[in-house]
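To keep things simple, chains are lettered A, B, C and D as they appear, and every chain counts its residues starting from 1.
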Amino acid sequence: MALLKREEWQGIVRDVDWTLKYVDDEAVYPEWHSGTGKVPRDAWQKWEESYKVSYPDYVATQREKENSAYAVQSALKRSKAFETLDEGWKSATKMHFGGVALVEGMATLAELKMARFGLSPAWRNMSIFGALDEMRHTQITLLFGHEFVSKDPQYDWSHKAFHTNDWVTVSLRSLFDAMMTGANAVDMAIQLPLTFETGFTNLQFVALSADALEAGDINFANMISSIQTDEARHSQQGGPTLEILVEHDPVRAQWTVDKFFWLSARAFAALTGPSMDYYTPVEHRKQSYREFMEEWIIDQFMRTLSDYGLKKPWYWDEFMEGLDIWHHSLNMGLWFWRPTLWWKPVAGVDEASRQWLNEKYPNWETVYGDKWRVIAENINSGNMEATLPETLPWLCSMCHLPTCNANYGRDGKWRVRNYSLKHNGMTYHFCTKGCRQIWWEDRDNLNHTTVVERFLLGEIQPMDVPGVLGYMGLTPDVMGDDAHNYHWASSFSQSEPAGTAGGR
Amino acid sequence: MTETAEATETAAEPQLVPVNAIFADDFVEILVAITTADTIAEVAGKVAYHVEGKRVRARDAEKVVYHNDRALTPDLTVAEAGIAPFDHIRVDYADA
Amino acid sequence: MSATTDQPAKRRLRTWSAFGDIKRRPSDYEIGTQGMNYTLREGRKAPFEQNPSSPANLWMQTYRDDSPLQVDDWESFRDPDMLSYRAYVTQQHEQETKVGGVLEQYAAANADAQLPPEWRATLARLFTTTRYPLHGAQQVQAYIGLMAPSPYITNPAALSAADMLRRVTLVSYRTRELQLAWPDDGFATGERAIWELDEAWQPTRRAIELALTAYDWGEAFTAMNLVLLPSLDDVLLRQLGEVARDSGDDLTWLLTSFLQRDAQRRERWSGELARFVVAQRPGNAGVLRKWIDKWSPLADESAAGLGSVLENYSLRGRAASEVAAAAAAARERLLAGASPGLASADPAAAS
Amino acid sequence: MDNAVGPILRSSDEVDQVVAAIYDDNPGTEIEVTDRGAYVRIHASDHLRVTAESLKRHLGPDFEIRSLEAMMSAFAGRINTTSDAVEWSLGPAKAPVG
């Protein structure tokens, strides 16, 4: 005798809404946290996820996933797998552990918030599984990162990064706090599960696993792709929420997606972009960041959005242009400001890499080639001081990343243009028109300063470079330095001089 | 632009003016600390210091400072030019 | 800005620097939990990296950071079960396998067909209806997890929320089986009316609804985990299970006893948390006491209301006052075990 | 491929068997399998499905359809899961099956 099929009884599990009598509905589901907005309260009764799971199935499947992920880790512990990894790839993992582990912790809180304030019982139930999943991701990421702490103190930042005011952390906190627990449940379901988890996390957790495997990091590839199997399920909280929101308030639906699509794209350009196009050794790259973006975001995710009746975001052209610029500039910024990082940044511009970059990005030589060459010449002549920063990059008031996006203007030049605005007597600068527009539209970030602004307002003491590094939590044993001991620079002295390869 | 007596009188104590600056075709805007007493030529030098020969190949050409899309005369001071804290300035080679 | 191109002597770390200078290697549970909630980081301007006066920041500030319940070091609290995610899904899978086996066995024996009408009516009133209050309790557990001032509290609260979903799931499964066996008894279709209209349930409904608006995290925790659930579970798991057994419904008895494991685990960490806060700051006893005094009458009324259902069950019923007294005593045991000052000054007053 | 929908499986020993099961369950459908090493895209236009029955045939009688989740790190299109089958398609969900 078999058990009843899930379809026969799951409807009852979700039939748990009742009419509140002793307290007001608004007191139990306050707008601040639930966020129904223009959507009639009873419209949420239609909410139904299409990727269904029951409690007994959940614990059975998750136990299998956990056993298999830790079995791989335990088998590799005794191997020399870690020691044989390229230093650049290790940096990609340090960036991942530090940038991701505690975000998973934040996502646990976010799912708990939907489990409490979500507007339909089916949604609240699904968020319980989401909260457990995110607890899993926090713990597995921390445990896997912890494995390497004794070998390399930079792995300490797997845990430490989000407890500091490193500029990378401030940028990520700013993104994720707004996307996740800082948002009401409706916005959050659009921002986190839908835009972020069915869109962008695929890049860092599935696409990057292709590079990880090629780079020989089986353990990491296995961990991230296992994590993403949970995301594929619980991210389906987004679809039904979006469907209802599109029906009742399409403007809000479009805006919410557009905003977090843009901000996610900025963050991924800073982390995933360099990991794929610079940190993964060139011979192990499965595709370029741009190609992965085309596969997962432009193709797959945009099809999802049109399937729900949404349009392309207003900034589409600027976003597409940015695919050839954002992450290259950010990689140069990460490298140049390397003492501010908890990993060893990779220049990634030896001869073979430059050839690859120019194949994948026809404008790369024009925009970046000679700058790297100037840096390399300084390295080759022993002038290391010229390769180190003596001031701060300006940080965007919206994404908190360096304002470093050149574009090809009507003046026929590749230039970084200034996007700023004045508000209440303050001047704010942005990396792009997109960031400026988003900041202006909801001004959520008023009174929320960038690290540069904090420095200028005197909040960082002493007001000098050691003061800034101290504020960011960096200690000398952790501060980033070139991953490959500058060996790549010598390739510039052997290859053609500036100008001959460029101009395409 | 005409010289004004008031400007020199009030500029007794130079004030720090942090600005958002970009040099030529460099890849990033940077924070540069200038003062009200700096001349525009000095400003060009202070911005170039962080970039020229470090990321942007040094060239033997005059440098021009742009503020609100206008080229500034090199012998003006920052105070006279009206550059305020948090303003954006662009420094480029004259023939670029 | 000078980078060190010469590698300085490397400091060998054994674990996260956040643990400070500790002698032992922390457990995997601690490695994966410590400092997980960065909105609690030291030196923060506001919990969230956004405008300090954003709604989300004000809420966290008011109901978490400014709660009357304060200790010096929340991160030193430990769930006595030290339950990691991995251990949780492993042990709950075992439990669910056991439950599945029992369900199959009783379905094969067609046990539901043998349940007498009066007992079926009691199950409909006191067992299958529980999915509503349990869902409310699930929401409150999630809220405690969201708002807790330590990840060492967030995690067990989140797992307790999942336990609630487990319980609602099992109750729902049984509801469907009972409906298949007795399509005219109102199983699966009649519970909401019972929950909303049956006098016996109204005190519980009131308590659950009010608990959903207890926004101070400490009060939410006290109301639900120290007062309401310890009392209600005594009725809905232990006492109902005993009556089921006495009525020949071994399946309900077995299932309620299985579910008691989850309730006992929740009481272990909740009792330990109560003990911890009082040990850290004796003044917290007064803070908890105030909330306990506020919520205990609601718990007692709830238990008495549910007791009336058992009182009316003619076969193996028990007096409503006895039901309520036992529920209060169960709560008092939890509180007294946590800290002597938390139990009612006059235990007799509870009965 | 227009309107591509379908699962993206992480690399494992069982990928080939799942692909075989999908071929069995979608006769006459053009199926595109893209192998990127760590993951494999299995896509068709507009609609694709796999049944518990076919999965058991290829992966053994003990294989439960819920375990497909542990292999599927992403998917394209909208998903619909039941105890008997998993489907990927576009457009609003059809009336729930079962």
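Just so we're on the same page, a contact is a pair of C-beta atoms (placed from the backbone, for glycine too) under 8 Å apart; a residue touches a chain by one contact, two chains touch by 3 or more.
Since we're looking at a predicted model, the values are computed, not measured.
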Original post:
Roughly how many whole angstrom separate the Cα centroids of chain B and chain C?
Top reply: 64
**OP:** Averaged over CA atoms, how far is the centre of chain B from the centre of chain D? Could you give it in whole Å?
**Re:** 61
Original post:
Taking each chain's centre as the mean of its CA atoms, how far is chain C from chain D in angstrom?
Top reply: 38
Original post:
Counting in whole Å, what is the centre-to-centre distance of chain A and chain D, each centre being its mean C-alpha position?
Top reply: 28
**OP:** Hunt down the residues of chain A that sit against at least two other chains at once, touch-wise.
**Re:** 8, 60, 389-390
Original post:
When you check chain D against every other chain, which residues touch at least two of them?
Top reply: none
Original post:
Which of line, ring, star, complete or other matches the graph of chains that touch?
Top reply: star
Subject >> Inter-chain touch pairs (all) >> reply: A-B, A-C, A-D
Original post:
Okay, in this complex, where on chain A does chain C touch?
Top reply: 1-4, 8-10, 12-13, 15-16, 18-23, 27-28, 32-33, 54-56, 58-60, 62-63, 66, 70, 102, 105-106, 108-109, 112-113, 115-116, 121, 124-125, 127-129, 131-132, 135-136, 138-140, 142-143, 146, 149-150, 152-153, 156, 159-160, 162-163, 170, 173-174, 177-178, 181-183, 337-339, 384-385, 388-390, 444-448, 465, 468-469, 476-477, 479-481
Original post:
If you look only at chain B, which of its residues touch chain A in the complex?
Top reply: 18, 20, 22, 25-33, 49-50, 53-57, 84-88, 90, 96
Subject >> Of all residues in chain A, those that touch chain B in their complex >> reply: 329, 332-333, 336, 367-368, 370-371, 373-375, 378, 386-387, 389-394, 402-404, 406, 413-416, 418, 420, 426-427, 429, 452, 455-456, 498
Subject >> chain D - residues contacting chain A, complex >> reply: 3-4, 8, 10-11, 36-39, 64, 66-67, 69-83, 90-93, 96-98
**OP:** Would you pull the chain A residues touching chain D in the complex into a rising list?
**Re:** 5-8, 48, 50-53, 57, 60-61, 64-65, 68, 198, 202, 205-207, 209-210, 212-214, 221, 225-226, 228-229, 231-233, 236, 239, 243, 286-287, 300, 303-304, 307
